[in-house]
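Paired with subunit B in one complex and with subunit C in the other, subunit A is shared by the two complexes that follow.
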Partner chain A sequence: MWKSVVYKEWLKIRWFLIGYTLLGILGIGYLFLTVKHGFAFSGGKNIWNSVLFMGHQFFSPLKYVPLVGGLTIAIAQYFPETVNKRIKLTFHLPMGENKILLMMHTFGAVSLLLSFLIFFGLFAVFSLIFFPVQMVTDSVISIFPWFLAGFSAYFLVALIVLEPAWKFRLFYSLVGGFFLTIYFTSAVTSAYGSANTGLFLVTAFLSIALLFSAHRFRKGEM
Partner chain B sequence: MNNVIECNNLTHYYGRKLVYENLNFHVSEGSILGLLGKNGTGKTTTINILNGFLQPRNGECLIFGENTQHLSPQTKARIGFLIEGHIQYSFMNIRQIEKFYSGFYPNWKPAPFWELMSKLNVTPTQKISTMSCGQRSQVALGLILAQDPDLLILDDFSMGLDPGYRRLFIDYLREYAKAENKTIFTTSHIIQDMERLIDDMLILDFNGVLAQTSVNEFMGSFKRFDFVLENDKADLKKASFVVNLDKVKNKIELYTYSSESIVKKYLDDNNITVSNFAQVKMGLEDAFIGLTGKY
Partner chain C sequence: MEKISRFLLVFIAILTLAIILPKLYWMAFEKPVRKPFILYSCINDDFMIHRISEKTWEDTKGNQFTREEYEKKLPLMFEKQLITSGSWPDSIIGMALDMRTISKAKSFFRLKASEIDAPFPELYPLFESQSGRTKIDLPDDFFRITWRIDFIEAATNKVLEEKSQLFSAALYQNGFSFPAKKISGLATPRKSIDEGYLIIDSKDQLFHLKMIKGFPYVKEIDVPDGLKFRHISCVDFKNKDFYAYLFSDKNEIYILTQDDYKLIKWPVDGFDASNCDLKIFGDLFNYTVIIEAEDHIKAIALSPDYQVVNTYTENWKLKEDQTEGKIFASLFPAQLSMTSDNSKFIRFYFTPSKGLNWIFLNLLLMAFHFIWLYRRKVKFKNHVPDLGIVAVSGIFGFIAIHFFQNKFFG
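And now, the complex of A and B:
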C-alpha cells in the first residue's frame, strides 16, 4: 500500500520537485559565479574583509529559496486533494486516515529534504573553494534556519490547505506568516547558532499539525 | 436477511438548522436502496455520515456492524464509494489510476475496469482531467467494479451525465449488483434513473422520513386521482386520507394511499360534486412529486 501512496504523491509533485531542484542548483551556481567574479575583480582580500568585518553575507540570495520550495511542494501535493474535496477519496482508502496522511506528509518532507540536501551540499562544497572552514561553518549556521523555514512552510501550508473552514484558513495563514518571520529575524552571520536546536524542535512539532485539519474535516466542520 | 447499513436515531443540525431528527433506516444485504428527497433534506448529509466525513449530533450509523465514525481498513475495503460528480484523481491517466488503486485492494479485479475503458474513446495515457463527464463516470464506475466491494455508496451518480451515459451506468450497475449480490445505497436527482435501478427507497422530507418501502409496494399503494370540482370552494385538505393536494382553479390532483372507493365515499358524504374523476397512472417521478409536493 505504501508503494501506491508514494506513487500518487510522486505523480503530483514530480515536475514541481524536479523544476524547483534544477532552478535551485542553477541559483547556487549563479551565486558562486558571482562570488568568483568578486574574487577576480575585487580580490580575495577585499571579499574576505567584507565578509569577516563588514557583515557582508555572500549567501543572502539564498534566503527565501527553501521557503519557496516548501510552499511549492506543499501546494503541489495538497491543493489537488482539496479540489472538489478529493481528500475524501484518500480517507476512504483501506488504511487508517492519520496513517495515510502521515505517509503522504513524510514523502513530501523527504522529497523536500533531498532537494535541500543537494543545495546544502553544493553550498558547502563551493563555499570551501573560496572560504576557510570557520567561515563556511558560520555560513551554514546562518542558512540552517532558512531551510527549517522551508519545512515549516511546507507543514503550515498542509495545515491551511486541508482545513475545511475558510475563516480558520485565514487565521492559520496570518499566524503562520507571522511565525515564519522568526526564521528570518537576524541578519548577523551565525546569530542563530544557539537557536537552531529550538527552531528544529518547533519545526518538528509543526510536522503533525495537518492531523488537526484532517480531524476537523472528518468531523464535518465547515 | 442481514442489514449491511443500520442507522439509528440519527439527528443532525447545521448550526441551528435541523436537518433531521431521530432518523432510522436500514439497508438489507443484496438490496439496492435509493435515498430520495428534495434539495436540503439531508441526502448528502447522510452519505457523509455513512462515509465517516461528518459526525452526527446524535445517533449512529453502522456499516457491517462498525460505527461509520471509526471504520476499520478491512471494512473500508468492502465499501465502494462514488463521490458526487464522479470525482477521481484527475491528475492521473487511466493506467496510472488503475495501478494506484490496485495496490490497496487484495481482491482487485482489473478485467471489469479495462472492459469498461475499452468502450470509451480514450487512450491509456489520457489524463482524467481531459475527459468528458460521461467518460469520467465510467472511470469511477470501473474502479468500483474492480475493487469488487460488497457495498456501493453512490452520491448522485447521474450528476452531469447525458442520457446515454446515465443508461449505460445504470444498466451496468444493476446487472453487476444483481449478479454478484452486492448492496447499493444511492442518491440521485433524476428519479427516472432511480426507477430503473432501485428495489427499495427512502424518501426524506424536511421533517424526516416520508416513506421507506420497496418501490413496487409504494407504486402499488400510492395513487393519484384527478377530478374537477363543481364548487371550487370545497375544502379537501381536511380529509385524513389526503397526502398531498394540488389545486389549480377547480382542477384537483389528489395523492393518497387510500382506495378510489374511500375517496369517492368522502366526496359523497360531504356533498362535494365532482366531474371527470379518474385515477392517473404514475411513474416514480410523478409519485415522488405527488408525495413531496412541487415546492
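And now, the complex of A and C:
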C-alpha cells in the first residue's frame, strides 16, 4: 500500500521537485560564479574583508529559495487533493486516515529535504573552495533558518490547503505568514546561532499541523 | 494525534501573536525618549546640556544660554565654529592654545551594548606595523587562533605554513595558551598607525600581538589576579595615550597605556555593559564619560589624570512606567521578540509585563470564552485546557484558540 501512496505523491510533485531542484542548483552555481568573479576582479582579500568586517553576506541571494521550494511542493502535492475533494478517496483506503496522511506528508517533506540537502551540500562544498571553515560555519548558521522556513512553509501550506473553511484558511494564513517572518529577521552573519535550536523545534512542531485541518476536513467543517 | 497537532498550532499561534501584537502596539504608541547631549565645560566647571528636540542649551543649575553662548562654554568641542564666527578666545582657562594641540587631544569613543553581545569574526588581518608607508595596506592573508595561529591566504584559501609556524612559536614562547578567547583590534586599513591586536588567551591572559617587518611582536601584559575582560575596544586617537578601552566582567572601565602597558582603572561607576551605551569625549582638559541606560543618563567628568571632577545624572520614566506602558501591561502578559536593542544576536527574548494588571483582561477573556462555550452547549471539561491557555497567555491564547478551534468534541 505504502508504495502506491508514494507513487501517487511522486506523480504529483515529480516535475515540480525536479524543476525546483534544477533551478536551485543553477541558482547556487550562479551565486558562486558571482563570488568567483568578485575574487577575480576585487581580489580575495577584499572579498574576505567585506564578508568579515563590512557585513557583506555573499549568500543572501539564497534567502527565499527554500521558502519557494516549500510553497511549490506543498501546493503541487495538496492543491490537487482539494479539487473536487479528491482527498476523500485517500481517506477511503484500507489504512488509518492519519497514517496515510502522515505517509503523504513524510514523502513530501523527505523530497524537500533531499532537495535542500543537495543545495546545502553544494553551498558548503563551493564555500569551502573560497572561504575557510570558520567563515563557512558562520554562513551556514545564517542560512539554516531559511531552510527551516522552507519546511515550515511546506507544513503551513498543507494545513491551509486542506482546511475546508475559507474563514479559517484566512486565519491560518495570517498566523502562518507572520510566523514565517521570524526566520527572516535581518541580522549580522551568524546572529541566528542562539535561535536555531528553538526554530528547529517549532518547525518540528509544525510537521503534524496538517492532521488538524485534515480532521476538520473529514468532519465536514464549514 | 489531531488534538496534539491542535495544541502545537495553538502554541505556534501564541508565539507568533506574542511577537506581532506587542510590536504593532509599540509601533503605534511608543514615544521616543529625547536624551540630552551632555558635555563638560572647562570654562564654568559644569556640565552643559543641549536638549535637541526642545532646542535649549543650559547648565545643570538651570541657567539658559543661547546657542552661541553654549558653544563658547565648550570651545574645545566647537573650535571650528568659534573661529568661523570670530569668537575664538585668546586663551582658555589662562592657556593660549593652538589648533594642533587641541586637535591632538580630542577623542571620541562610542560603544553600544549590542556591540558587546554580538557575533565576532574568527579571522582577522594582521597588518604590517612598520611598513614605512604612509598608507596601511590590507594584507593578503588573515589569521585565526585555534590550537595554533594560522595565516590563510585569501586568494587561494590555503594556510601559509611558514608564517603560521613562526607566529605560533612566538606566541607559545611568550606563554600564550591556545586557543584565543577574544581577539580585539582595529581590523581596518583606515587608521593612522597599526598597533596589532590585544588577545585574551584561554587562561584569560592578555597579550599584545603585532607584526613588525614581517616578524611577530608578542608582549604579555600584566593583569591583576582575578581581573577578566569582557570586551576590549582598541582605539586610534591622535594623542596615542592608550591602546584601548577594556571592560571587565564587573563592568569596570580600564585603559591600557601605550608603550608601557599600564592598566589604569577609571573611577567610573554605573556602567553596565549588558544594557548601557557608552560615549567618551576627550579633550585637553577633561574626559566626559556618558553612560546611557534605559531610564537615565549619567555624565562623569574626569581630569586628564583620570580623577572624577564632577558628575551629573538625569532620570526619566521607563517605557513600562509611562501611560502607554501601563496600558500595555494591562493588555499583554508578556512580550516576545526575536531582536534586542542590547544584542546583535537573534534569540527568543521573553519580557514579562510589569505588574499583574494583565490578569484582569485574562479573566475577562476567560469569562467571555466560558459564555461562548455555554451558548454552544458543549461539555466544559473538554475545554478546560483552553481556558487554562487563556488564563496564562491572555489575549494571545484567546485569539489562538479561536483561530484553531477545539471542535473535537462537538
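Following the convention adopted for this analysis, the second predicted complex is superposed on the first by the 221 of 222 C-alpha atoms of A that agree within 3 Å, B and C clash if a C-alpha of one lies under 4 Å from a C-alpha of the other, contacts with A are read in each partner's own complex, and residues count from 1 in each chain.
By our rule, contacts are C-beta pairs under 8 Å (C-beta built on N, C-alpha and C of every residue); 3 or more make two chains touch, one makes a residue touch a chain.
The shown structure was predicted, so the numbers you read here are calculated from the model rather than taken from an experiment.
Novice: Looking at A:K219 after the superposition, I want to know if it touches subunit B, subunit C, both of them or none. Which is it: first, second, both, neither?
Specialist: both
Novice: May I ask you to decide whether A:H105 touches subunit B, subunit C, both, or neither, giving the answer as first, second, both or neither?
Specialist: It touches nothing on subunit B or subunit C.
Novice: Applying the document's definition of touch, where does A:P80 land relative to subunit B and subunit C: first, second, both, or neither?
Specialist: first
Novice: Does subunit C touch more residues of subunit A than subunit B does, or is it the other way round?
Specialist: When the residues of subunit A touched by each partner are counted, C comes out ahead.
Novice: Kindly classify A:K12 by the partners it touches after superposition: subunit B alone (first), subunit C alone (second), both, or neither?
Specialist: A:K12 contacts subunit B only, not subunit C.
Novice: Touch test for A:V175: subunit B only (first), subunit C only (second), both, or neither?
Specialist: A:V175: touches subunit C, not subunit B.
Novice: Of the partners subunit B and subunit C, which touch A:A209 in the superposed model: first, second, both, neither?
Specialist: Only subunit C; A:A209 stays clear of subunit B.
Novice: Identify the overlap between the subunit B-contacting and the subunit C-contacting residues of subunit A.
Specialist: Residues 219, which sit in both footprints.
Novice: Please give the residue numbers of subunit A that touch subunit C in the complex, ascending.
Specialist: Within the complex, subunit A contacts subunit C at residues 39, 43-49, 52-53, 98, 128-132, 134-135, 138, 159, 168, 171-172, 174-175, 178-179, 182, 185, 187-195, 198, 202, 205-206, 208-212, 214-216, 219, 221.
Novice: Which of the residues in subunit A end up touching subunit B in this complex?
Specialist: 1, 3-4, 7-8, 11-12, 80, 84-86, 88-89, 91-96, 217-220, 222
Novice: Over in the complex, which subunit C residues touch subunit A? Could you list them?
Specialist: Residues 1-2, 4-6, 8-9, 11-13, 15-17, 19-20, 118-119, 121-125, 138-142, 144, 152-157, 187-188, 338-339, 344-348, 400, 403-405, 407-408 of subunit C touch subunit A in their complex.
Novice: Give the list of subunit B residues in touch with subunit A in this complex.
Specialist: It comes out as residues 14, 48, 51-55, 73-74, 76-77, 79, 81, 83, 85, 87-92, 96, 99-105.
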